[in-house]
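Only one structure is covered here, and it is reproduced in the block below.
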């Protein structure tokens, strides 16, 4: 089973210069009134922050208001279906996230990536394994060894049952030949409540995005044991990658896109693609990304579709293996 | 100390003061419109703050939330439509005062106690933020479960009518809260195939329906008057406030301290702070019989607690970067962007910025008084409009307010259905407040119960494993036993005296 | 419309039974006694107890005062005009739900305001300016200032 979602597909900062939008003639679509920007997750979260920043840059670019609307609920189903079922006239776009490639496997909805028109990659958010500072575990290897000997004793948290971070740890355990339940999943209403639970001593680890745990790691409250990515995070160079920690190729990242409804005309999608390509090169975007400890990412539209398809297949296989499919 | 003086220097700057004034006006406007929450008002500010310096950006957020929370009192008092959930706890008291022609008293009290509560909260924050955060951070799902139970108990304690009917109302609210995807296995409950219901019944349209729409229905069912105001006007807002403050000075202090404490618990916040303070207010009042008929005391307690909680919510945000509520979640994002990394180190690395937050809070609560005063005077015009003209306009506001929270017409359905339910509940003396509280706290209680059960592999004793949880649990249990005793006594008395 | 506690209790009990029965169809968590059915069941039982309690107090009270009306007729149930008011508010809300996407916010809001003003006997001199101005003001405040995407509907071609 291929466990690397990103290899060969993710283009980092360096590639940006080479990645200016295709200079096609029919990219001149411009919105004439306010655009609704649907975010399937709550205000204050990472998807919300990225989308609001992107919305304000698109607003400058197009000169019309971009109204961010948080359509939360149903583990993302509500917001994603709001994006997918809107008129593909360019006046509704949204932040489709990794869940578009997960929820149909879980049997929550029929909706999948074929129901949206991916336009641009906004963020890549790799998972981590993070423990409290006073934890007895000093490395990911120790965690895995302990879980192997005492299955079901350790607990992890960070998102809802069957959410992306649940997949991160269950998939890792499965890949290491353990029962995916060897570390029990404790659902939480998101990363922040999960980390609160960790600091209060309620769970043994969280597997939230390393960028989400960054502040508490820097302040010494938490310790990052592993980063589920190919390279270390430049903002937290002391946290080893999974490859370095336990010699596995297992990586897992959530992603945030800008997407439109299914069947969005090429002219509109291409205009948005160009606008985003310009926006991600601004200083404002770079500063914003830097403040969150994230890298500026981008990806040509054609590659993005393939990227989501690959993610879909890999996540489906993982969910199948750990018994989260229906 | 140096940092505090430095912070005053940062905030007392012409540009920052202008931002504070503008944010205050904006906050009052948004908070005064039912359906628009303090969270939404801050979310809308985000793009603007990207292009501001750190101090004005922080000042804008802080001022907007502090003023928005107060402004929620205005439509609550005048029209029984709490502008923000934090005003819902004492809306019945302030509306009752308005109907007695004392809208000025209700709003003046709300305004002044909000400002004082906010300032006391800020001072507490300045003094003990790190220690307070250390305590708050020890709360895990066990403690939150008991805290939620304690909050639910408030519902029954505050209601004036029979215990049976209060419980019935509470259970109706709790039932509404179970609608949607469940936390343990992600199974959709009572959604009947509706995608919109997966997220459950959102609280804002529920609140608008149960308070405002039911009030509209009641008014038109009585026959809305075509001409002439019904409830007098808003006179001198500050008349008699001094006496009230003097008389209820202990209430102000108690509720401000309590509000700050509850606000500092991540996930609790201003709504719950207002409910709990209001309940204590009634329990410890020398005149509990005045409650429900326009008790100023209840407004004093609820009003000071919710603004103090706004300050308290910044404790875990600043000290650990863990948001106390959605507003601070957004604020943390903005702080990062401004190069301020919330966490224990922030107090040593950029103390002047931390204190700038506090000073901004103080200024916001001071500015609140004149801006709030103007808003009250302006909104007093509403009382001069004949009901027959006012009711249809309010209905449109209810519809748009419900729609605004998620931009979905489904929310209007929720408002409509629950408005009708509340109309019949109140006609039968079933109080609405416990149901509202049930909707607010139901999810919190269930989620934390399930999480605790999952952590402890289904061992119920786990709820008493941790010292704080055990204390909270014992307290809750004691109150429940007392309530059951009272319920049985009431039932017997009803049986014998009829 | 005030109904006797006995009837009220019976309604609550029936609802409670339905909730509990439906909750039993929810899946349980592998091997655990606590699942998604637990809270609805507990709530349903609580509601049922309240219902039974109300029925008991209702019966006892009826006996002590020898009967009485089962339903107190509210003023609006006797007056066609007042009942019409209630129906008009409900119909206006329902109308907004069903029509706003197609008609757009302005037209729907104007229509329901005019309808309700008419029903409540507001003079035309007030009715017309208010029915036109209020939606425009609300639209400006919510759509333009507060960024709430109110639908344009039929007016999309002239959207601003």
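The chains carry the letters A, B and C, assigned in the order they are written, with residues numbered from 1 in each.
What we mean here is this: a residue touches a chain if its C-beta (ideal position, glycine included) is under 8 Å from a C-beta of that chain, and two chains touch if they have at least 3 such contacts.
In this text the structure is predicted, and so the values were computed from the model without any measurement.
Centrality by Cα centroid goes to chain B. Looking at A-C and A-B side by side, the one with more C-beta contacts is A-B. Of all chains, the one whose Cα centroid sits at the greatest distance from that of subunit B is A. Centre-to-centre, using mean CA coordinates, subunit B is 23 Å away from subunit C.
Distance between chain centres (mean CA atoms), subunit A to subunit C: 39 Å. Annotation: 32 Å between the Cα-based centres of subunit A and subunit B. Multi-chain contact residues of subunit B (touching two or more other chains) are listed as 40, 184-185, 407, 450, 454. Listed for subunit C are residues 147-149, each touching two or more other chains.
Touching two or more other chains at once are residues 36, 68-69 of subunit A.
Those residues of subunit B that touch subunit A in the complex are listed here as 39-40, 43, 46-47, 50, 137-143, 180-181, 183-186, 188, 195-196, 198-200, 266-267, 316, 320-323, 326-330, 332-333, 336-339, 341-345, 406-408, 447, 450-451, 454-455, 466.
Residues of subunit B that touch subunit C in their complex: 30, 33, 36, 40, 44, 164-165, 167-168, 171-172, 174-175, 178, 182, 184-185, 187, 189-190, 213, 216-217, 220-224, 226, 386, 388-389, 391-393, 395-397, 399-400, 403-404, 407, 409, 412-413, 415-416, 419-420, 424, 427-430, 442, 446, 449-450, 453-454, 457-458, 487, 491, 494-495, 498. On the side of subunit C, the complex with subunit A involves touching residues 143, 147-149, 152, 159-160. Those residues of subunit A that touch subunit B in the complex are listed here as 36, 42-45, 48-49, 52-53, 55-56, 59, 68-75, 77-78, 81-82, 106, 108-109, 155, 160-162, 184, 186-189, 192-193, 195-197, 199-203, 215-216, 218-221, 284, 287-288, 291-292.
By the touch criterion given at the top, residues 32-34, 36, 65, 67-69 of subunit A touch subunit C in their complex.
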